[in-house]
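So, here's a batch of structures to check.
Okay, so chain A shows up in both of these, paired with chain B first and chain C after.
And now, the complex of A and B:
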C-alpha cells in the first residue's frame, strides 16, 4: 500500500505516465535464442555489485606504494566483513568480464549489431574496452608481487604500440618504472576516470537498448516471416527471471568469497626477481600467450610491435563490424562475418587454455 | 661529371673499401693457426681450448707465456725462434714463476685491474703445495692445477674451476683420489664428507656463494690445514656471535687445556651437518657424552637446556602448522606469520647462546620466543574459528538465497499462469 501511496504522491507532482506506459509496453521476444538476452542484465547486475563494494573499499584503501598493501591487509583482517567485500569485489569483477564476453559475442553471433543498432554495438564495445581497463587498473591496487609484475609486463606491452607506445607507457606508469606513483595513478583511473566514462557510455547504451528494443536474430526473423513473433512482458515476466539469475549469481559470489577468499599474496618488491610462470588475469592470457609465440623479429619489424598492432586492429574490427558487415545491414545472411566471429571465439578460448596448460614456449 | 655524381662515386668507393677485408687485418695468431692444424692432440688441444681463455680476450696470446713470434705465419722456425724469446712448455716447477711474471707485477697488473692481488706466488710458496714443489715434488698442485691451462677463466665465471660452487670438485680432483694421494698418507674422504655438509647444501642448493668451500677455511694460494689452535678463528670469521659466546664459556679453557680443537670437537670439520638441540644431553651419539660421564651434572644441565629450546621449537612448529591450515582455508595470515619470525629469531638466539652454557640467558631468549609463538598460535586458532564462522554464515546466506529463489520460481509460475508467458507482441519492435 505504501508503494501505491508514494506513486500517487509522485503522480500529483510528476507525470509518470510515459514511464508506466513504457513498462507496460516493453516486451521481450521469445525464441530459441532468448537465453542470451539475460547476459546483458547479468553484466549490469555485477557492475552494480562492483560499484557498491568498490565504494566500501575506498573507505579504507590507501593508494600509495607505502600503504596500499598494508591497507588491503587491514581490510582483510581488521575491518568487519572487509574480507567479504574485497573478495566479492574481486570475484564479481572476474564474473563480470566473463558475462560481458558472453553478452558481446552472443550479440555478435546473433548479428544484433546490424542496422539500426550500430550505435548500441559501438557503445557496447567501448564498454568492453573500459571494463578490461577496469580489470587491468584494479589488479595493481593491492600492490602485491603478482600485480606488480603483471602491471610491469602489461605496461611494457602497451609501450610497444607504434609511435605513441613509449609516451603511453610513461603516461600509464607515471614515470619510467612501475612505482607507488603508478598505484596512485591507477587508483585515480579506476575510481574516477573509468566510472565517469562508464556512466556516460552505459547510460547511452541502455537508452538505445530501451529505445530500440531487443534485436531478433535474422534466422528467427526469416523463420517467422509473415507471422507475429512471440513475446513476453518485460515486467514482471522477464524481470522476475532476471532476478532469479541475479540471485543465483549472488549465491555463487557468496560461496566463492567464503570458500575461496581472494588471496593477497606477498607485498610487491621491485628489486625481487619475477616469480616463475607469471601470467596476467585470465582475460588477458590469450594476448599474452600469442605474444609469446610471435618471433622476436618478423622481417625488419619487431614481432611484439606487430602483435600489439594486430590486437589493436582486431579491436578496431570488432568496433566497426556493423559498418563492415554490409550484408546483415540489408537483412541478408552474412556467413563470412559469422565465421570470423566463431574464429575469434575459438582463438580466444584456445590461446587462453594454452596459456594455462603450455606456459613454456620453446 | 657533376659534383653530385662525383660525390656519389666517391661514397661508393669508400663503402666498398670499408667492406673489403684486408688479409692482414683479419689474420689469425700464427701459433693458433699452426697448432690447430697439427694431428697430435697434445699439440692441437691448446689451440682449441684457448678460445675461452680470459687472457686471450685481453690481448694476451700464446706468446705471452711461451714466447716466440705469433706473427710468423707459416714459418715455424721464426715462430719458435729463441731469439724471439721462445721458451716452449714451462716446467711444472717453473709454472708459478711463469705466471708470476705478470701476476706478481703490480705495475703491469694495474692496467687490467688496479685492485687485483699480486702476492699469490709469494703466498703459494708458504703453502704445503708450494713447499713441496720446492722440495721437488712434481705431483703437488701448481697454478694450472686449479685454474686450468689454456682455458683459464675469471673466478667470477660460473664455468671456472675456481668458481665457489666448483672449488670442492677442483680440490677433490686430487684430494679425493686415493691412488694419487697414496704417497702423502692423508685422508681422501674430505670431498665426500663435505658434500654431506650444511655448507655444501647452502652453497650449491641454495646458491649462497658466501657459504664456505675448501678455500674458505684452508686458504687458496697459501692452502694449509688450520692447526688445532686456529680452528676457532677460522670458523669465527663467519660465525662471529657464536665464537664470542663460546669464548666466554667454561668450555673454552677446558678445550685449551685438553688440546682439543674448538668447534670441530662437537661439529666435526668437513661433514658439518645441521646443528640442533638433539646434539645436547647425554644421549647416544651426542657430542656432550663423548667427554662427560652419564648422569653427571653437566649432562643434566645440557638436557635442561635442550628441553627449553625444544619447548620453543615445538611451539613455533605448532603455530606455523595452524597458520598454514588457516592459509589453506583462504585466510590472510601475513601479520601472524610475520610475528612468528620474531619467535624464530629468539630460537636462533637461544640455540647460539648454548655455546656460552649460560642457562639464564637461554631462558630469557626462549621465554621471549614462547610469548610470541603463543600469540601466533592463538591468532591461528582465531583464524580457524573465523573459517568456521564464515562457513556457517555462508550456509545461512544460502538458505535465504534459496528461499528467495523458490519464492521467485513460484512467482514466475504464477505470473506465467495468470498472464501467460508469451502474452505480448512486438509491435514497433521488429528489428
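And now, the complex of A and C:
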C-alpha cells in the first residue's frame, strides 16, 4: 500500500517514533462533563475556515476609503461564488466567537485553569482578546454605515483609557478621524498583525494542551478518588467524533451562507447621521447596552470612562483567575469563583438579551 | 590570596563585558524599535485655515421644524430650523462617543441613535449618556446665504 511505503520511506530518514507514541498515548477522559471537550476543537476548525476564506477574500478586496465598499460589492455580485466565500467568512466568524465563548466559559466552570494549567488559560484568554479584535477590525473592512459608526464608537472607547487613550485612538484610526486611512490600518491589523500573533499564541496554547493532557473537573476527580477514570483514545475514537461535529458545522455554515447571505448595507458616509436602531455585533451588545445605562456623570468622572474601566477590570480578572483562585489550585472546591463565573455569564446573557428587546428610542 | 585576587579580577572583567554586551544590545533594540513606534503614530494633518463654511442650501429652501447635516471642515455639523423659524447650528458629533446626531421632527430635539443621547435645541444634553452639550457654531445669514463659523 502506498501509505505504508511512504511511511517507511519517511521512517528511514526521520524518526517518527515520538509522533507515533504521542498518537497512541493521547486519551480523552470520559465522564459526564466530557461533552465540553469538543468546543476548543470546534473553535480551531472554524479558525481554519477563517484563514482559508480570508485568504480568498484578499485576492479581490481593496483596503481604501474609495474602493473598499466597491470591492466588496464586486466580490458579492461579480466574482463567481464571491457571495458564498464572503458569507461563509462572516458566518464562520460569528460561530467561531460563539464556540470560543462556550469553550472559555466551560473551561472556567470546570476550573481547568487551575495549577498546572495557568499558562494554558492565560494564552487562551489572550486568544480570546485577539479573536474579538479580529471581529472588530474585520467589521470595518466593508466600509458600510454600520461598520463606520461601530469603528467610531469602538475606537473612541479605546480613547477613554486614562493617559494612553488618545494615543491609542490615533494609533488605531491612523489619524484623528475614522477615514480611509483607518480601513488600510485595520486591514493590516486584520490580515497580518493578528494572524501572526494568533499563530504564535495558538501554537503555544495547543502545545501546552498536548503536553499536559486534558484536565478533569475537580468534582469528578474527587468522586473517583483512588480509582482510575475511564478514557477513550484520541485517535481514532475522539477524533472521529470531532470530525463528525466539524462536518455538521460545515453543512450548517453552507446553509446559513446560502440562505442568509451576509448583507453589505449602505456605503459609509461620514456626513450622514447614525441610523436609528444601530447596534454592534452581538458579542459586543452586552457592553453597548451597559454604556447606554451608565449616566453621563458619576461624581466627578465621565460615566463611559468608568464603564470602560469596569470592563477592563473584568477582563483582567478573567486573565488572572488562575492566580487568584487559590483553592482550586489545591484541588479543593472553590464556590466563590464558581459563583463569580456564573455571575459574569449571567451578566453577559442578560445585557445581550436587553440589547435586543429593550426599546431603542427614549 | 593570589588566586583570590585573580578571581576578583576575572569577575570584574566579566561584569564589564556583560555590561557592555547588555547595554549595546539594549541600544540596538531601542534603535530598532524607536523608528517602528514612531512610524506607527500617524502624522498630524494640518488643520484647514478656513474657519467659515457657506452652506449649500438657500435660506428659503429650509422648512420650519427640520434639521440637516452639513460638512464643516472635516467634520459633520447640524443646522436646525426650529418650528418658531430660528436657525441654530452645532457640531453634529455626539459628545458621548462621537456618533453623528440627527434632528427629530416628531420630538423637536437632537438625538444620537448610537446610545440614545438627547439634546435640546440649544444643544444642551438633556438625557442619555452624553456628558457635555453639543459644540455650538456661529451662524451668519447674508441675503439668502447661510455661513457657519466656529463659535
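Methods note: the second predicted complex is superposed on the first by the 359 of 362 C-alpha atoms of A that agree within 3 Å, B and C clash if a C-alpha of one lies under 4 Å from a C-alpha of the other, contacts with A are read in each partner's own complex, and residues count from 1 in each chain.
Going forward, contacts are C-beta pairs under 8 Å (C-beta built on N, C-alpha and C of every residue); 3 or more make two chains touch, one makes a residue touch a chain.
These numbers come from a predicted model, not from an experiment.
K.L.:
Mind checking the superposed model to see whether chain B and chain C fit together on chain A or clash?
P.N.:
They clash.
K.L.:
Of the two partner chains, chain B (first) and chain C (second), which one does A:251 touch, if any: first, second, both, or neither?
P.N.:
The first partner, chain B, only.
K.L.:
So in the superposed three-chain picture, is A:196 touching just chain B, just chain C, both, or none of them (first/second/both/neither)?
P.N.:
A:196 sits against neither chain B nor chain C.
K.L.:
In the overlay, answer first, second, both or neither for which of chain B and chain C A:294 touches.
P.N.:
second
K.L.:
Of the two partner chains, chain B (first) and chain C (second), which one does A:167 touch, if any: first, second, both, or neither?
P.N.:
A:167 contacts chain C only, not chain B.
K.L.:
What is the contact status of A:237 with respect to chain B (first) and chain C (second): first, second, both, or neither?
P.N.:
In the superposition, A:237 contacts chain B only.
K.L.:
Output check: A:316 vs chain B and chain C. Expected answer is one of first, second, both, neither. What do you get?
P.N.:
After superposition on chain A, A:316 lies in contact with neither partner.
K.L.:
Identify the residues of chain A that lie in both the chain B contact region and the chain C contact region.
P.N.:
After superposing on chain A, no chain A residue contacts both chain B and chain C.
K.L.:
Under the touch definition given earlier, write down the residues of chain B that touch chain A in their complex.
P.N.:
Counting only chain B, the residues touching chain A are 330-332, 334-335, 390-391, 393-394, 397-398, 401-402, 404-405, 408-409, 411-412, 415-416, 419, 421-426, 428-431.
K.L.:
Touching residues of chain A toward chain B in the complex: what are they?
P.N.:
Result: residues 27-30, 73, 76-77, 83, 116-117, 212-216, 221, 228-233, 236-237, 240-241, 243-244, 247-248, 250-251, 254-255, 258-261, 263-264 of chain A touch chain B.
K.L.:
Which of the residues in chain A end up touching chain C in this complex?
P.N.:
149, 152-153, 156-157, 167, 170-171, 173-177, 181, 270-278, 288, 291-292, 294-297, 302-304, 360-362
K.L.:
Touching residues of chain C toward chain A in the complex: what are they?
P.N.:
Within the complex, chain C touches chain A at residues 40-42, 44-45, 69-71, 74-76, 92, 96-102, 111-116, 118, 125, 127-131.
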